């Protein structure tokens, strides 16, 4: 459904903006656990950057940036990171997601920071992957959408 | 009686806003023929509820709910973080729901060539 | 019932289970009919053996109890062999043996289809019947009662013709609401008493039930069990169900199902409400008059039937009401009479149905008007038929006389001469609709009548046996299983009259 | 906030000490499963099914462990992350929750056994997303049952709904439309529930169920509280298709693929009913609201109306699945009746019916599914004579039908038994009469079908080729459920005395114990 359009200005601006968006996204992710922001927002920003590419460059060319097939794996990996963190904490004697039990040899406070950070990263990945795959599925042409 | 309304409008106007949004959303969900408009109505409805929580959690002149040396330990200096967290989740949920709904709509459109409810019902009646 | 005389035993449970266990075996050996029938006969023999083995306990006044597990809060799924249950179990199981032999001859002679389903459901019916007989409390009774309803449905439906379907539907239309009424009153009793345990003289004594609600309860009870007992406004499923194969009509509509209904009436009057309570709420006259009305009208209706089985059906309706009447009169002798009639009517009526079946299999005639001179062709069959009709008409020498005599005397004890008159009238009516058949069969010539000869021994032997049994019990009611003592024991336990 | 961490961490160690991990272990296999199935399914499609089965089996195993643990040692509490309740989220499992969780997981496991072949035959290309969505659905449902937090319940609510919507969209050509309708309705219901939660939070400042219950009990009657309760009842009523709000259900069940229906129909509306019980009896002051303020009466009479509407509509149907869908409306309404009566026996009847109806309805839908797959018969008139062709399948069907009618000794009889007892305890004779009369209507459409199924077709004399019982793996769940219907009936007292008597809310106790 997306019509690819030849427009140099849009192309260039996109090329310039996308890295900044993504860097800001990473900033939001990595400071999420002690200041406003966090995994979801960061992931949404990352996804937004990809959407920008999709919209402006059109589907085919933007695939070089982020391939359709990557959407679900990103989501899976993200959730696995999240669930894995919880499980590790549980395996090492805590409750599910009880970060201070994470085996980093850190005192509870820092272990907790790290744990939350891990979770944030996982969330970011998941949100990004899933938002992108939703977008791709909806914008897919006849047949492609039916596959999944 | 009168002063109740004045206070309501003066201090609780945000709640009135949520009520208005809820009514708009419901109307769209029930009355609109176009399925996409129904979906939009649904989102407005959810937005209204999210707003309800946020309005309740908001404090004038309070800061983000992250401990800050300058502000010290006064609870009134910080907003209530829980509703914000909750509503973040609610937003995620509504995004997911919207995604599924849009997927369904594209599927419907591909199969029946319309997303107008009346026409769809006609098509349903015609087909076995 | 004092605790010293009750003891645990699993034998009643096995008596129920044996035919249930036979079902999978029957189903498994669909391909080999002989093996299949062997299972049926084996189950029947074991069952009657088990039941007979419990006779000493009952005569000795000892009660076997088999408590299985808690079934609903405070209520056990429990079996108990009290005398009255034993009587019913004895009738059902012993006649099942004969019926099994008979139905082998019948289904093969008539070339019925789906014989496996037939025999399997038959076995299920017997389990349910024995279960009804031995139920220790009302909930257990309900379970087996409904199971019997369901198990009979396929048998009524058996022929799968439109008439059969109509009959089966009618059967359900009557029995399912009845089941719901039963569920309602059972729940009511449970919420009143906690455990609706059957006790001679009634367990509703002194639970503080107002007369009004007690009457309502009785109404629902009668609606519940009266359908199977064929009390007149509720009877019309019975003739309709006569489309079933004759052995089914014989066992289920002369012995098991309808007797289960009557048995229910006896349980209700004797073990749920109890004579005193029925007298207090003054309900017994209503019940008695209902029964009297039924047995008169049923006899009159029976006269108009040309189809032999339908006529037998209506006579069944009538004779069931003899039993109800005896129960309603609440005197010791009348109870003895109705319990004796519970047994004796079974032997006589099953004889008649067997004869009808034999005639049908041999000649495919169902209407009495076609049976001129049939007696010449099938002497044994029609002789047995004659014995049965004499018995039901209450001629001395056949067991029907004994039970009717007791009923009449019981009516006198209850100072209800009017019912004696009604009994006599109905006896005459019985004669009026049975003897023509015998007369037609023996004394009418029929020129163009091919020679048929008797049906297969599988069928003739059982019907001769039942006829013989009727005569023997008519001469010596206490012979063998001490039917007389059993009946009087129950009557004494319920009405408190000296045995 | 980092300053406080150390102190809290210590506190939370105390919180988490000696907590059994069972509750979370019920959920985890499903969570990991619904991630791994699409993940691995992308490059190894045939791994999807075994993974699903393993996940379901594990969660069922842990659900039963949980049930027995709860029966042994009382309710389990499990703190998630490092925040002590009521601030943090906790899983709180009492007898009722463990019971429902066990029921849900075992039913789902049976359906999953069936689904393996069925899905491959019905829609081969969609295998991976299908199983993924099944896992999502069950994840949401078990989460709803086990959580002790009002908002967390909402989240799981939506998770399960997402699974449900997408499962319902797979199947008949018209499925997406009914699924979309269900989506709008379901989201509306969930949003109403969320609004109710919002009111509660505004009033109490807490989201932990036990905590909220404690605060409410001191509040007495409060208009805002009443509003929140009404909103919850409306929202949950929408999800459990309580009478005036049932219109989305028949289409959704009819057009969804048979496997989707088989897993959604028995479980989903029941869980909404469970949540309603949880809210009305364990969070709100049930005596005050249901009895004193007659909200119970409203629910009760709506529900009994639903019973009749559902049954009558079911009688009128020509399509097998649609008939079963309408009978679902009726059967769920029985649970509503039990809730509305709000006395111990009736409530026990309602709780028992959650399990009983799950068993019988899943059996029935599995049968219709396999019939459609083996013979292509969808409409009732095509069922004629199938009894001889598919004896095992229809043996199961017969038992389940008996249970639906409520004939002893099947389990359906006993849920009705407790409802009637409850009605008599309250002296509500009209209600009792209606309950009993309604089962006659059920009898009408099931015996009509059974008669058709078992009577021979005039045309054919000997058994026609094809059209036989499905493979063992599809037949096994049907038979297990068919037998289970009997077993659950005969041993219902065990559930009532061991489980449900402990599951009753505060201030209720069962007579007879």
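The chains carry the letters A, B, C and D, assigned in the order they are written, with residues numbered from 1 in each.
The criterion applied here is as follows: a residue touches a chain if its C-beta (ideal position, glycine included) is under 8 Å from a C-beta of that chain, and two chains touch if they have at least 3 such contacts.
Keep in mind the model is a prediction, meaning the values are calculated, not measured.
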{"item": "Those chains which touch chain C and also touch chain B", "value": "D"}
{"item": "Greatest separation from chain B - chain, by CA centre", "value": "C"}
{"item": "Chain centre separation (chain A, chain C; CA means) in Å", "value": "78"}
{"item": "Intercentroid distance (Cα basis), chain D paired with chain A, Å", "value": "35"}
{"item": "Inter-chain centre distance, chain C versus chain D - centres from mean C-alpha coordinates, in Å", "value": "45"}
{"item": "Rounded Å distance between chain A and chain B, as computed from the means of their C-alpha atoms", "value": "24"}
{"item": "Per-residue overlap in chain A, given as positions that touch at least 2 other chains", "value": "34"}
{"item": "Sequence positions of chain B contacting 2 or more other chains", "value": "66, 96, 103, 107"}
{"item": "Listing of all chain pairs that touch each other, if any do", "value": "A-B, A-D, B-D, C-D"}
{"item": "Residues of chain A touching chain B in the complex", "value": "34-36, 40, 127, 130-131, 134, 137-138, 142, 145-146"}
{"item": "Of chain C, residues touching chain D in the complex", "value": "69-74, 77, 113, 142-143, 146-147, 150, 154, 157, 160, 165, 168-169, 172, 176-177, 179-180, 183-184, 187-188, 190-191, 194"}
{"item": "Complex contact set, residues of chain A against chain D", "value": "34, 69, 72-73, 76, 79-80, 83, 87, 90, 94-100, 107-109, 112-113, 147-148"}
{"item": "Of chain D, residues touching chain C in the complex", "value": "402, 407-409, 413-414, 416-418, 420-421, 424-425, 432-433, 436-437, 439-440, 443, 447, 451, 454-456, 490-494, 496-497, 510-513"}
{"item": "Residues of chain D defined as touching chain B within the complex", "value": "1-4, 87, 151, 154-155, 158-159, 161-162, 165-166, 169, 173-174, 176-177, 179-180, 183-184, 187-188, 191, 194-195, 198, 201-202, 207"}
